[in-house]
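Note that the chains take the letters A, B, C and D in the order they are written out, and that residue 1 is the start of every chain.
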Amino acid sequence: MAWPLLILVATPLLVGLACLLVRGRRLIEVLQCCQAGTMLVSAALLVDWVVGQQEASVDALLRADALSAWFDLILGIVGATGTLFAVGYLGEEYDRQHVTPRRHRLFFAQFDLYLAAMLLAVNVENVAIMWIAIEGSTLSAAMLIGFERSKAALEAGWKFVILNSVGIALALFGTILVYYSSEHLLGVTSEALRWSELYRVADGLDQTAIKLAFVFVLIGYGTKAGLVPMHTWLPDAHAEAPTPVSAMLSANMLTLAVYAILRFKAVADRTVGPAFTGKLVVGLGLLSVAVAAIFFLVQRDYKRLFAYSSIEHIGIALLGFGVGGIGVFGGAWHLLNHALAKSAAFYGAGLVLLRHEHKLVERVSGLLRSMPLAGAAILLSGVALAGMPPFGLFASEVLIAAGAFTARPDVAYAFLALLALAFATLLYQVFRMALGEPVEPGRALGWPCRLFTATAVGVNLAVLGLIGLQVPSGFNTLLSAIVRIFGPGMGSP
Amino acid sequence: MLSHFGAQIVDLGSALLLLTCFAIVAQRRLSACVDLFALQSVFLAATAALVAFLTGIHHIYIAAALTIIIKVLVIPRILKKVIERLNVTRELVMNVNVPTGLLICGGLAMLAFFITQPLIPLGFQLTQGSLGIALAIVLIGFFTMIARKKAVTQVIGFLVMENGLFLGATASAYGMPLIVELGVFFDVLVGMLIVGIYAHRLQDAFDSVDTSQLTTLKE
Amino acid sequence: MSQAVLLVVAQTMVLLALSPFIVGLIRKVKARLQCRRGASVFQPYADLAKLFKKQPVVSTTTSWIFTATPYILFASTLAAGLLVPVFVSQTPLNFAGNIIALVYLLALGTFFLMLAGLDAGSAFGGMGSSREAIVASLTEPAAILSIFAIALTTGSTNLSTIVHKTALLQGIDTAPSPHLMALAALFIVTIAETGRVPVDNPATHLELTMIHEAMILEYSGRYLALVEWASGIRLLVFLTLIVNVFAPWGIATTLTPVAFGVGLGVYILKVAGMAVLIGVIESMFAKLRLFRVTDLLGVAFILALLGVLFFYILRG
Amino acid sequence: MSTLLLALLACYVGGSVLPPCLRGHPTLQNLLAHSLACAAGLFGIALGVAGLVASEPLTASVSSTIPYLSFAIRLDPLAAFFVLTISLVGLACAIYALGYVTEFYGRASIGALGSLFNGFLLAMTLVVLADNGFFFLIVWEIMSLLSYFLVVTEHEKAEVRYAGFFYLVMTHVGTAFIILTFLLLFRETGSFSFDVFRHPEAPLPPGLRTVAFVAALIGFGTKAGIVPLHVWLPYAHPAAPSHISALLSGVMIKTAIYALVRVYFDLLGGEFPWWWGFLVLGIGAVSALLGVMYALMEHDLKSLLAYHSVENIGIILLGIGAGMVFQTYGLKEFAALGLLAGLYHTINHALFKALLFLGAGSLLYATHTRDMEEHGGLLRRMPWTGLFFLIGAVSISALPPSNGFVSEWLVFQSLFLSFQLPDLFLKLMLPIAAAMLALTGVLALACFAKAFGISFLALPRSAHARHAEEAPVSMRVGMAFLAVACIVLGVAPMVVVPLLDRVVAPLARVSIEGKVLAMDGWAVAPVNVEFSSLSPPVLAFLLAALSLLGLGLVAAFGGLAKTRFYKTWGCGINLTPRMEYTATGFVQPIKRVFSAIYQPTVKLETELLEESRYFAKRQRFESRIEPVFQKYLYDPVVAFFIAAADRLRIIQAGSLHLYLTYIFVVLVLLLLITI
């Protein structure tokens, strides 16, 4: 019985439900802070546990191997800081009477359920229940995106719901196909839907079925991960959602979708060999990087800008997993770095939005002078996202390039070129905002908001900087285990 | 002998499901579309029950019952309400006109069978054909979402996809574990509610649910 | 050691003493060719003496650069002169620098002269410096290539070594054509570097034409004396270079009084001959427009390049 | 030696961490940051010398949990030489900054400036020390990033932001190529360690070596500023505060030279086809010539200096390229000579270019303008700055007895020695390169006659210049340090050459100290003293003695009659600054002669008086030269991407049906290719 795992998954669920019942803003904020702390601690403990004894499980329902633990870590840290930021952000909105107490409460309820659904999806042992959890996260996200009820928000939400429901449906068909082919070896039982069982019998599964299944899953969950050309909902949703939600979408939900794809990839690799999945994943990954790199140029809205950057980095990470070898290490590590950097960027963007109450890049400048916190957050995370050391994204990108170069040089050439392009186009926009003289005064933020958001940003950037050049040995163990899952040896997870 | 006969019946049921799909594609009146969807769900439930009876896997009965309750009774009600509220009776303009649509759907059905061809031997002797049909229904549902402009018809298209999935799950795969079935149904229900809410708010905001007008967010 | 010092002193003396004479000789030749009697060939000595005694006038706008330049110019030119074997083939300072060092020593003087030209603030000085800049920059490549051509035939760029070897016909390549082309190139370079017609006219003070004269326009008294003397030495150095590199015969290759005497005599005759030649050329040609000088120096460059090419082709 | 290293690192780290902690006390921050940098500089100098004379390279390594990365450093003579260079310039700039930074009180965060300064120096030091490809890439990028932030110190100015961004993008593109170089080696050896690169199990296939060579040339060339990758340099270097410009131009671009030598002679084993060396040589010649030519047309003092960096990088590459060519044909000693010449010029350029930038900084400090046409007459107002700038100018113009002269002379010699080569083509090409170098040299001379003459001499051309005052002590000390260094390296090559030989010997696999130093150290010679020799100390002595002789002659013949001071004769009217020769006028003939390269365009607007068309009321003259490379090479690329982005916007047209169609089509396609 792995307590950390249970606590990690249960905390946001319970807190979320509690938020529906309790009254009073302060109380909710306290609850949220507790949740943030608990998530951080339990995530750390869970990682420690898994490092110690390969896997942590709660009955047959929850089971966390290295892969799950890694994503738990990402979701845990970013979820925690995200919660803190949300407290600060919503608190400010509350003070400005933009949200009523009821909707304030409702927001946090949905927010926590959203986190809970994602954490469940990452740790659940049953393929289909993972699907259910992911669908759950989609639906709660849908409510959160439309939270502000503006026309734009509604449109974005509608597109999100429709496109992702379709995607998720396709993913379900893929799941059914897996089940369809596995139940012949494992019988018509829920055994046939257990990841561990699937890995065990993977090489016996029907190849065509698994291939088709992977295609459905890749497109289905790929829609959720924002892979080009299924990414079209992503910029709208990220731009129109309340900023804490945008951060969570980028840092957690896309990562979660990648997790789902990887799980199936691990099965498919065992059945039909990594060449097949690698081809598809690398292709879509490169396409995503390319499109994002170009689209940076035409962005007028800084939240959309960071949304496209998410598309780019998810593409990069998947590319790493696609090329295999050291690329897997790079890819997994890249996901963590990206989650931290991107959420920090969105925190900064949120502060700017609170101050200026518009999202136009050209009307924002001199952030470093006018609001040092947001400026630093946007500048540093922008530099990190562009792939500059001392932040880890540089190292992970180099590792991915190295993996690509050993596997297929042509991919590596394209990859390096696109990275350079993305670097230029992203930083062009970021520097426009961060540097120069402030133009608009904007309205000041209350101290609670500043306090909470500063904590969130600080934690993110601190962790990002700390793991930039030297990952803790525990992380290293996890990553090596993940490499083994996808590696040539295909050790059982 | 019985199982052979049963296989015939199951295939028949699946075929009826497919036919209702074509009918929905061809139908312009929204309320009629909803009715057709309800009819399709009835066929679905019947097929599922048949499979349950023939295989003796009892929890499929529950699934069938749930289908009746949710997809035949609840959801059509909701949709009807929405239609009345929005007083849009028929859809005159489509992205793809009906004959072309039907042709494409035929093509999609063939594609589905072609793709699932290699998987047939895997399937149970009882439900050989249904996987292809399931895929066909999913694709056609998807196509409907593209072809139709009104939010309601898009929702119907999505529900048709769901039916296809359900057919695939129950008929060809002899049903997922019960917990899964329940979860899926729950999700579908909640999804419908949320979509309903959105349609509602969109109507307030844009006083129309012609989703082809939702194009303010773009580069 | 003491012998070496004596030789250096002697060479300095010769250069100092001989340079005004060469200037005077050229003037004399030109005068004669223009059917004038002209001033005595020793007139420049008198001019120098006079200038040294006169009270100099210095512009109030100038800085220490202006007053320091004449000394730097004088020193650098004379130093360059000491690297060239004059009447003894083995100068003690041979090791101190090769022909490139010589070129750069002269460039040092030019640099400060340009600064001095700008220092007074008058438009003439600036114009002179500016023109000097373009002429010098066009001259240099030709100079370097011709030097290289010579170095190829003699296997060295140290002047004494070149001269000594050539004088004794030791291990030098006998194919004459590269040598001759280098000679032609170097001759044109000399004309440009020493500011003679057709590149520049030392005798004019028309602001449209003058280059060197414009730079030193503000100088007077002892400063002018030093500058004039330095330009005389500069001329002499180049002439020496030509005669001793291409026709060193007669130069003292051994360190005996007799050889010295002969060497000195022959040397004076040779440079006098060169001076006459310069005088003749100056009277035959008109000064070129500034922007036509490029053609002349282009020719020099090509000649030097051909020299190098021929050397390699003849050597195979 | 390791203690020195630790002390160095400690000082730099302290200098980059502590200053921000003293918020609100700019003076304290300034003192702390720059005194720590000074200390680090001193340690660095000691470390460099120690590393040069040490028999065994100092190595240390901290393993990392990131695969293939290890923080390994190795202080071999080559690294030590560059550590020495960096520290010398760093020390001078730190001293200078103590005074110069006061300019920025209240305008920029002194804490940030100081800590970035230290961090930048640290990064550069680590770049030359790194012994692991991955580690190298990381510190290389950190160096670029920090230098970017230093460049945009005054980011409230739009042109500064543009310059910084241009720089950052260019250098990052370069980094992509560098990554490629190391990835090639990585794929062959399965490691990023330089040591493994040095001794691969199997020799690398030639095709791969060629790609690595070209990638490295582009990658590092971008940083070094070789033509045509130099375009960012004249924007970025001037935009920074002057003591930073000194570091950028003096030292940072040298790290690229270091990397090239490291990769070609060390990692790739110093064996290459002849055209590698020829390519480097050719790029060197072109960079040198075009660099100085564009410098001539600049009237912004700092841009002018920046273009001269392009020129001098070219000269350095001439030496290194010649060395590579000789290496190909097994002429080891000549190869060593070329390399030695190149490295000698590297440190020389570091010193005098830093000196010149610091001088320009003092001018900026005093006059608040970089435009020469607004300077003038400053030598009388700032005598010390003027003197130091003059020394720098003499050195960069390679005039005896300066250090620039010695190294350029050595480069000339190594080009002349080409007659020993077997290949006729090269035999002809190297002398032509020498001729281009000669032209470069004289143009540089002209350029600095202009720079010094227009800025420091004659009458002040503006009120700024009229009210200029001498720079504070610390700035003068910083410049004096470099000026003295320039002269020492000029007159005492016998001190420098043995040290350089220790650097070159392992790379060219032959020691030439004995052959380069002739006459027991009093003269330098290109391997054989028969061919040529040069004795800087004697030349210096001659110059001094003979100028005394001149003085003596004056005394002897006329006595030092009292000088009369009177205003310059201005054709009868009083001389005003407007009558002086301008920088533009000074270079007019050159612009005209080389118009093929400059493609100058002139615009003249004349406003005539109503009564007569022979008298102009006012005239407006505008003359500009075509920025060829930017116009034909860079702008099209940028334009292409912007156009592409604009076209692609239709992807995101906002229609839900369209989006659904994308998914549908991809699904069907993938299903079809899967079956």
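Operating definition for what follows: a contact is a pair of C-beta atoms (placed from the backbone, for glycine too) under 8 Å apart; a residue touches a chain by one contact, two chains touch by 3 or more.
Keep in mind it's a predicted model, so treat the numbers as computed, not measured.
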Item checked: Label of the chain whose CA centroid is most distant from the centroid of subunit C -> B
Next item on the list: Give the identifier of the chain nearest to the protein's overall CA centre, each chain being represented by its own CA mean.
Entry: D
Checklist line | Highest-count interface - the chain pair sharing the most C-beta contacts | finding: C-D
Next item on the list: Using mean C-alpha positions as chain centres, tell me how far subunit A is from subunit D in Å, no decimals.
Entry: 44
Note to self: Need the CA-centroid distance for the pair subunit A / subunit B, whole Å please.
What the structure shows: 31
Check: Where the centres are mean C-alpha positions, what is the separation of subunit B from subunit C, in Å?
Finding: 102
Next item on the list: Indicate the whole-number Å distance between the mean C-alpha point of subunit C and the mean C-alpha point of subunit D.
Entry: 35
Check: Of all the residues in subunit D, which ones touch at least 2 other chains?
Finding: 649, 651-652, 656, 660, 667, 671, 675
Note to self: Two or more other chains touching the same residue: where does that happen in subunit B?
What the structure shows: 115, 118, 142, 145, 211, 214, 216-217, 219
Margin query: Two-or-more-chain contact residues of subunit C, please, as numbers and ranges.
Written below: none
Checklist line | Set of all touching chain pairs, with the criterion as stated earlier | finding: A-B, A-D, B-D, C-D
Margin query: Give the list of subunit A residues in touch with subunit B in this complex.
Written below: 126, 128-129, 132, 135-136, 139, 142-143, 146, 149, 151-152, 154-159, 161-162, 165-166, 169-170, 172-173, 176-177, 179-181, 183-184, 188-190, 193, 206, 208-209, 212, 235-236, 239-240, 295, 298
Next item on the list: Using the touch definition up top, name the residues of subunit B that touch subunit D in the complex.
Entry: 95, 111, 114-115, 118, 139, 142-143, 145-146, 149, 211-212, 214-219
Next item on the list: Provide the residue numbers of subunit A that touch subunit D in the complex, in ascending order.
Entry: 158-159, 162-163, 166-167, 170, 208, 211-212, 215-216, 218-219, 223, 229-230, 232-233, 235, 280, 291, 294-295, 297-298, 326, 329, 366, 368, 383, 388-390, 394-395, 398-399, 401-402, 405-406, 409, 412-413, 416-417, 419-421, 423-425, 427-428, 431, 435-437, 469-473, 475-476
Next item on the list: In the complex, go through subunit B and note every residue touching subunit A.
Entry: 57, 115, 118-119, 122-123, 131, 134-135, 138, 142, 145, 151, 154, 158, 161-162, 164-165, 168-169, 172-177, 179-180, 183-184, 186-187, 190-191, 194-195, 198, 201-202, 205-206, 211, 214, 216-217, 219
Notebook entry, point to check: Taking the complex as given, what residues does subunit C use to touch subunit D?
Noted result: 12, 48-49, 51-65, 67, 70-72, 74-76, 78-79, 82, 93-98, 100-101, 104-105, 107-108, 110-111, 114-115, 117-123, 125-127, 129-131, 133-134, 136-145, 148, 151-152, 155-158, 161, 218, 221-222, 225-226, 290-291, 294, 301, 305, 308-309, 312
